[in-house]
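Here chain A shows up in two complexes: once beside chain B, once beside chain C.
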Partner chain A sequence: MSIKINDLEYTYSPGTPFEHQALKGVNLEIPEGKVTAIIGQTGSGKSTLVQHLNALLKPTKGSVEIAGFQITPDTKLKDAKMLRKKVGLVFQFPEYQLFEETIAKDIAFGPKNFGISEEETNQRIKEVLPLVGLDESYLERSPFELSGGQKRRVAIAGILVQDPEVLVLDEPAAGLDPQSAKEMMNLFMRLNQQAGKTILLVSHDMEHVLEYCDEVIVLADGQVKTQLPVHEFFKHPEILREIHINPPGIVNLKETLQNKGFQINPDTYSLDELAKEVESQVAGHE
Partner chain B sequence: MEAIALDHLSFSYDGENPVLKNLSLTIPKGSYTAIVGHNGSGKSTLAKLIIGLLEPGAGQIKVLGQTLSDENLSQVRDHVGIVFQNPDNQFIGSTVADDIAFGLENHCVPTEDMQAMIEESAAKVGMSAYLDAEPTNLSGGQKQRVAIAGILAMAPDIIIFDESTSMLDPQGKASVNAQIRKLNQEKNITILSITHDMEEASQAEQVVVLDQGEVAAVGRPEDVFMNEELMSRLRLELPFALKAAKAFQKAGLNVSPVLSTEALVEELCPSK
Partner chain C sequence: MNNIALGRYLPMNSLVNQMDPRAKISILFILMIAIFIPAGFWGYVPIVAFILLALYLSKLSLSFAMRSLKPMMLMMVFLLVINVLVMHTGTLLISWGWFKVYSDALVQTAYIVIRLTLMIILCTILTATTKPLDLTLGIEKLLKPFEKIGLPAHVIAMMISIALRFIPTLIDETNRIMNAQASRGVDMQNGTFKEKISAVLSLIVPLFVSAFDRADQLANAMEARGYDPSRPRTRYKTLKMTSIDYIGLALAFLVLAIDIAIAWL
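Right after this comes the complex of A and B.
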């Protein structure tokens, strides 16, 4: 089932001098089983929007339909518990949220709160560890002995152990070195392709958006500016410039080549193909 | 004179597993050097040794001609500033002005001189409008620029950036990177930048590749990054323009390894 967001509005601190409308009537349908990027400048409403997906925030107006639940301004918090099991939200720098003395306890914290038996939790932990690239030798260690990238894997294991249908990831690769970032993104791709998880990715990294996402949603000033399949989206770098985000390297290169007079196939997104197109058009080519 | 000279430096945290092995390296005064390498290659350990947070197991560290020792450490630190990775972990003051003042207070700068120094440093990083702002209301890039202002107030000769842009969004990264270039070019401050960001490293004059505590390569970014064997062995990402240049060369185009898309396209001429 796709995620449907209908006329969603959200206002922070209503009726106070700090009143601020962060979402101004958002309508979206996010496909099931795909990887969808949500992009936009700081303050565009991205974080406010994703916090609605597991009812951390309740709409001021409008509704969210997700994983068989409907969230409206009247939704009660106690009804949200089962929703949160189905929609896992991974915040930015989740490693700062680790707090237990062992990795096993940290991963088990969520299931414990959802009332899942210890036995089942332990079984789930064993299934989840290899997914995030850790083994059982880590379980009794303190999470604070680990490197930044490893800590983040532990934090993500704590979400995966609840077996969510939808994973919402806020900048999951930020601050990692390129190799760890790649491994992290590949982990999410496996979860999408092999386990069929719907993935929403909030990201500033346009190289990741181009490489890993199926669809792109652009938020600007609390509204949806655009929603397009990824390769369609990157044919319009002017949309990115309007929101002060640099396009991916290849998009920038295609544009620079076109300005110089080269004919470039708009559907080319591979460097090798682009190089061949350019080679056939350079002066002196017979 | 060298800003920093490392002579046969070795270090180990536990006395068993060496983190730095017999490492020698010189950083010329006024230069901009980027140090790249994987996690665990010894990059951050090197920074901590240079500012005397760690002591070498063997070898010598010279900063501005002086060999680091317990006696001259605080004197040497007056000349070397460091900006760390996490913008939230290095704020001390409750306002931007207080934060910049912190280092000055520690150096017993008279209060009447302080205000002008704070304003001057904030202006250099483009944060003049934020002197009364609370740190929590700043973006990551702004926080890092305040950290730089705090260091500039001390008028250092050398600034070390230890992955200072890795937690920032692209705009924050760009603003801090521009700041780094400016400090180097206009103020002639020696820059040592530890980074994973190859686009940032490619703006340096000199790139040092560390691997398992040893210097694997030193040279101009375009020379180091075009060393295919090295880059693939260490699984280091190439800056985009070089990746493109290589793809173009493979397709039979005659282009040189350049560090910007514009320079690459400049070398090509369409047939009509």
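Right after this comes the complex of A and C.
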């Protein structure tokens, strides 16, 4: 079932001098089983939108339909608890949420809260660890003696162990070196392709968006600016420039070549194909 | 978390905003003394008058000042209970078996509540009209004379300003971690005692870890830029007392003098 967001509005601190409307009527339908990117400038309402997906925030107006739940302004948070199991939210720098003495206990924290049995939890931990690139020798160690990158893997394992249907990732690769960032993104792609998880990715990294995502949603000033399939979206780099985000390198290159008079197929997004097109046109001239 | 009125600076362009922080801190200090002078209920009249004038001149609403009292409500109720249980002087007002309420208990509680309320409102006016950095600069300048007897005025001011600077950061951090743990099924409101303990731990431990991390980074950043608390420093901002400041101080002394007079007569 796809995620439906109807006319969603959210206001922070209503009725105080700090009142601020972060979402101003958002309408979205996010397809199931796909990887969808949410992009926008700081303050565009991305985080506020994301926090509605597992009912951390309740709409001021409008509704969110997700994973069989409907969240409206009248929803009781008590009833939404199991929604949080089905929608896993990975915040930016999740390594800061670790707190238990051992990694095993920390990963098991979520399942324990959701009332999953210990046996099942242990079974799931064994499944999840290799996914994030750790082995069982880590289980009895303290999370605080790990490196930053390893801590993040543990934190993500702590969400994956809940076996969520929808994964919402807020800049999961921020601050990682390029190699680890790639491994991290590949992990999420495997979850999407093999386990069919719906993935929502909040990112500023357009290279990642182009490489991994199926669809792009652009938020600006609390409203949806565009929602397009990824290859369609990157044919309009001017949308990105409007929100002061740099298009991916390949898109910039295509544009430069076009300005120099080359005929470039708008559907080309690989460097090799681009090189072939240029080669054939140069050859034709000689 | 974002509704805390106590200790929050409001950027407004009022007369009190423009005052010298040294004058404002001194006025607060003088009025604190006046509040604690045992001048009876009449003694609070000039203080309340001064506070109302200050609220008016700082363009703050009475409801804003009242909001800053909210966190203290529980403590005031607690005080009332303790006083009723402990004080057994004055006239007997209520008697239900062993449960007896004497008039002195109520009077005593009223005094404490009035004193607390007045002090909190005064502090709220100070922090709402003074930028935290100006406040610490004021404290540093006022403590300067005590450096001769070995009081590290600059170090104290630096510690206060760092602490103030990190309050909003820590509040943000707390919200972030609460959200992260709530996403892992933590329920801060409901649950058994044991579950609540584990919920609090899941918040406190990461909060401390990140606070220590930040402290470490800040110390390194300061050292990397050659910070040395013992060196003399110059200031971009210099403080200057104007006539409003002197008028304010004079009024505060007048209030103090009236209270001393009432207490003596």
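Basically, the second predicted complex is superposed on the first by the 282 of 286 C-alpha atoms of A that agree within 3 Å, B and C clash if a C-alpha of one lies under 4 Å from a C-alpha of the other, contacts with A are read in each partner's own complex, and residues count from 1 in each chain.
In this text, contacts are C-beta pairs under 8 Å (C-beta built on N, C-alpha and C of every residue); 3 or more make two chains touch, one makes a residue touch a chain.
These numbers come from a predicted model, not from an experiment.
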Fit or clash - chain C, chain B, common chain A: clash
Which of chain B and chain C A:F262 touches, first, second, both or neither: first
More chain A residues in contact [chain B versus chain C]: B
Chain B versus chain C as contact partner of A:K85, first or second or both or neither: second
Touching residues on chain B, where the partner in the complex is chain A: 38-40, 85, 139, 166-167, 169-171, 174, 196, 198, 235-237, 240-241, 243-244, 247-248, 250-253, 261-262, 264-265, 268-272
Touching residues on chain A, where the partner in the complex is chain C: 12-13, 16-18, 51, 54, 56, 78, 81, 84-85, 88-89, 91, 94, 96-99, 109-110, 112-114, 144, 158-159, 162
Contact footprint of chain A on chain C as seen in their complex: 2-3, 10, 173, 176-177, 179-187, 190, 201-202, 205-206, 209-210
Chain B contact footprint on chain A (complex, rising order): 41-42, 93, 147, 149, 174-175, 177-180, 204-205, 244-246, 249-250, 252-253, 256-257, 260-262, 271-272, 274-276, 278-279, 281-285
